[in-house]
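Shared between the two complexes below is chain A, which pairs with chain B and chain C, respectively.
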Partner chain A sequence: MIPLIIVLPLLFAFCGFVVSAFESHENHIKSIFLMGIFSPWPIFILNMNDYPVETVLGGWSRIAGIELGLGMLNHYFILGSLIVFSLVGVYSLSYFEDDGQKDGPIPGKRMFPLILLLYSGILGSFLTRDLFNFYIYMEIASISSIILVACSNAEGAKRASYRYLMLFFLSSFLFIFSIGIIYVKMGTLNFELIEQNLVMSREIKAAIVIAFVAFITKAGVFPLYFWLPSAHSKADTPVSALLSGVTVKVPIFGMLLFLEYTSIEFLTVPLMIVAFSSILFGIGMALLQSNVKKLLAYHTVSQMGYVLLGVATLNVFAAAHYAFAHTLFKAGLFLAVGVLISKQGTKDLDDLTSGNNTVLMFSLIVLTLAIGGVSPLIGAFGKHEILLGLSGMSFYLFYMGSIGTLVSFIKLDYKLFDLSVKHLGKFIPSVQEITAFIMALLTVLFGIYHYPKFNLLDLALMGIAVALFLLFKHIDLFEKNMPHYFSRDVKGLGSEINLYTSIFVLVNLTVLIYVLY
Partner chain B sequence: MIESITGGYLNAELAGVILLLIGLYGLIINRDLIKQVISINVLSTGVFLFFTSLGHVSGGNVPLIMNTDMVDPLPATLMLTTLVIDVAETALALALILRMREDEE
Partner chain C sequence: MRMSSIVRNSSRLVSPFLVAYGAYLIIHGHISPGGGFQGGVILSVSVILLITSHGYKAVRKAFSVRLVKIVESMSALLIIMISLIGLIFGTYFFNFLRGGEPGTLFSGGTVVLLNILIGLEIGAAFTLLFYVLLRWTESD
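Moving on to the complex of A and B:
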């Protein structure tokens, strides 16, 4: 029955494309969209009690067929994407309303079927246990998200989309190359069979390295993050929430598949270095941003570092739990900030204000505490599990990251909360505020369910963060503007791709040389 | 003829890897966006050649009748899927380039 989790959204996406091709009423597409979004829920809940569920499509043997599985490995990934897509789906109904304006967001007719396609690609890649099938679903998800970014009306969205496309294109083909090496050595692409016949040789190691560099590119982790900040900040708000919340978890799940079924001990040190540099770099860049969506996007770079730390410490569940936590609070943050952005028509932190909107203020505070890892919110649980695998120097770096995240979000809250301003722009249906509020509530509930403790250390960290924030504010660190290194025309974009490809190749070569020699 | 030049050292897998590297090189040196799309297609052709040749069995037969000495059909079928994705992504890249040019003018 589990293939239905993928098939139903795909079917509704297809229906959506067909219906939107004709002159149809917008409500028809909306109802198809909602049915598609909620259709996987019953199947997921029905299967929840008999984990692990495994099925090979078409009743073939494992050698010939494609295997799908539902178990503790992907439970949190699927639960997270179901929650986020349901709430973002409801949010986007009013966001993509056709208000007759030319500059406004593109009407849902074009967006809704694409979001369903993204949904089905993401659920498929979380369910599959077959290497090549994983690649196919990952491609479905990434192509639809690239088109979703390109559909945005923001200035520079096409450039962001092109950058996104080229890096994904490149990393996909190197990933297939590594699949080829694995196939020629193992004779199978099914993960269970790979685990049974696994003999680690130099070729397999090289293949895993190439696959991991491709995954790191797709997850937007530090040395190869270039596409992420622009794509996530230029997209429409619901799309940003989906991209930052769910899409970047797909390559992480790929890493977990490799971690679970093959052995990646030889990669621990490079992954650790990449993870910590990503955490600190992401925070450093986020501190300098004045565009609120860019700030959140750079935090995705740093938070993906934490998830990668779970992979580097070979702890499958730490990575899965932290990815789940990040899915909830990052999507919630984008939704909450998006309400303000569409109300006030600016993304600049200095102009944005939450006014006297208490619901939104409460959601923002809860979500920022959750991303800072304060207990008993959901971020604390994942961080606690990651910490179990760390020791010595890395312990302190980890806490530095936590403090940095808190500083950056104290800055966000400080700039947004201005109680004297009671400026309220054009009316936006409050459904959007409620979805952001539900997201905040979920981070509290899941946090208390998983980790019902209060850690006094968090208070100390918050204290240090507030002190640091005041210091940075005093020396005007937040007012620095980032210089542009590339010209803003097509030629500049071309040289950007040249540079990114060279860095991609360099990272590949460095890790390969480290692992093989 | 080719074998006389390469001395029998060049097989399809190696040729695929060389094409892949040429594609990477093209992506690093070309600033023109259309040339970049062409380079990435050279790269993908290399991957296709590499992957398809993995199923090769010398003297193998068409994989229609079981229990004979036949080539492995799986790599070729997998590459058929990848070709479709390659076409879709190329079309998307070209469409984006057109849109960016329109915006600039």
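Moving on to the complex of A and C:
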């Protein structure tokens, strides 16, 4: 039955494409969209009690067919994407309302089938146990998300989408090259069979390195993060929530598949360096941003570093749990901030204000505490598990990251909460605010369910963070602006992509030389 | 630019043969080189040949953008439907029309049906891509 988790959204996506080809009423597409979004839930819940569930498509043997599996490895990934897509789906119904304005958002008629396509691509890549099939689903997910970014009307969205496209294809080509190496050496692409016949030769090591560099690019981790901040901040709010919440987890799941079924011990040191540099770099850049969506996007760079840290310490469940936590709170933050952005028509932190919107204020505080890893919210559990694998120097670096995240989000809350504003009148929460609120509530509930402790150290970290925030505010660090290095025309874009490509090649070569010699 | 009558007449003559060749590749896809994708590309080439000789506007009257869109998404939908029928017989993508002597035309089961649908899908998708790209250079 588990193929239906992928197929039903795909079915409704193509239904949506057929219906939108006829001049149909928008409500028809909306109902198809909602059916597609909620259709995988019953199958997921029905299979939840008899893990692991495995099936090979077409009734073939494992050698010939494509295997799908549902187990503890991908449980949290699928649960997270189901939750986020369901809430974002409800949110986007009112966001993509066709209001007849020319510069308003693109009507949902064109967006909804694409979102369903993204949905099935993501669920497919989380379910599959076959390397090539994983590649195909990742491509479906990334191509539909590239188109979704390009559909945004924000200034620079097309440019961001182009950058995204180039870096995605660059890494995809090298990833499929590494799949080729693995196929030549192993004769199979099924992960169970790879695990049974694994002999770690130099070629397999090289293939795994190339695959990991491609994954790092697709996950937007530090040395290869270039496409992420612009793509996530220029997209429409629901799309940003999906990209930042779910799409970047697909390459992480690929890493976990390699970690689970092959051996990646030789990669721990490079992964550790990349993870810590990503954590600290993301926070440093986020502190300097005044565009609220860009701030959240740079935090994705830093949070993906934490998830990568779970991979680097060879702890599958730490990575999976932290990825799940990040899915919930980052999507929630984008939704909460998006409500303010669409109401006030600006993304600038200095102009945005939450006014007397108490529901949103509450959700923002909960979500910012969750991303800071304060117990008993959901971030604490993943961080606790990652910490188990760390020692010495990395321990302190990890706490530095936690403090930095808190400082950056104290800044966000400080700028958004303007308690003096009273003129907004009586406040009635809309569907959009309620979805953000539910997201905040879920971070609390899952946090208490997984890790029902209160850590006093968190209070100390909060204290240090507040002190640092006041210090940074005193020296006007937050008012600094980032310079632009590239001109805004096509030529600038070209040289930008040339630079990114050379950095990509350089990272690839460095890690390859480190591992092989 | 208006092509000469030699070009237009010869492309009009060649196009149906291309369609026949594409259909042959699609239907024999499971027993000979070729298949849905290759045949589909040739199907779309027959339309693209007409666009280059007769111009976008004339071809668009016969194959409207909407028709191409519907064929494209309908065939994708039918592919999923056929694979879903397999679920009734046991597993997803199950070949429920198995049988026939291997190596003959009637031995593929659902593979033939899937090949035909993939051919239509690819043909329509490539034509649609060409239409979309031509939108920016509306002149003939």
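The definition used in the following text is that the second predicted complex is superposed on the first by the 509 of 517 C-alpha atoms of A that agree within 3 Å, B and C clash if a C-alpha of one lies under 4 Å from a C-alpha of the other, contacts with A are read in each partner's own complex, and residues count from 1 in each chain.
In the analysis below, contacts are C-beta pairs under 8 Å (C-beta built on N, C-alpha and C of every residue); 3 or more make two chains touch, one makes a residue touch a chain.
Owing to the predicted nature of the structure, the values given are computational and were not obtained by experimental measurement.
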{"item": "Fit-or-clash call for chain B and chain C when the two complexes are aligned on chain A", "value": "fit"}
{"item": "Which superposed partner A:Y183 touches (first chain B, second chain C, both, neither)", "value": "first"}
{"item": "Which superposed partner A:S201 touches (first chain B, second chain C, both, neither)", "value": "neither"}
{"item": "Chain A residues touched by each partner, larger count belonging to chain B or chain C", "value": "B"}
{"item": "Angle, in degrees and to the nearest 10, that opens at chain A between the C-alpha centres of chain B and chain C", "value": "40"}
{"item": "Contacts of A:S487 with chain B and chain C, given as first, second, both or neither", "value": "neither"}
{"item": "Partner chain(s) touched by A:F14 [first = chain B, second = chain C, both, neither]", "value": "second"}
{"item": "Which of chain B and chain C A:S495 touches, first, second, both or neither", "value": "first"}
{"item": "Lowest inter-chain C-alpha distance for chain C and chain B in the superposed arrangement, angstrom", "value": "7"}
{"item": "Common interface residues of chain A - those touching chain B in one complex and chain C in the other", "value": "none"}
{"item": "Chain A residues touching chain B - in the complex, by the definition given at the top", "value": "132, 136, 139, 143, 146-147, 150, 158-159, 161-162, 165-166, 169-170, 172-173, 176-177, 179-180, 183-184, 489-491, 493-495, 497-498, 501-502, 505"}
{"item": "For the chain B and chain A complex, residues of the former touching the latter", "value": "20, 24, 27-33, 36, 40, 43-44, 47, 50-51, 54, 74-75, 78, 81-82, 85, 88-89, 92-93, 96-97, 99-101, 103-104"}
{"item": "Chain C to chain A touching residues, read off their complex", "value": "66, 69-70, 72-74, 76-77, 80-81, 83-84, 86-87, 90-95"}
{"item": "For the chain A and chain C complex, residues of the former touching the latter", "value": "3-4, 7, 10-11, 14-15, 17-18, 21-22, 55-59"}
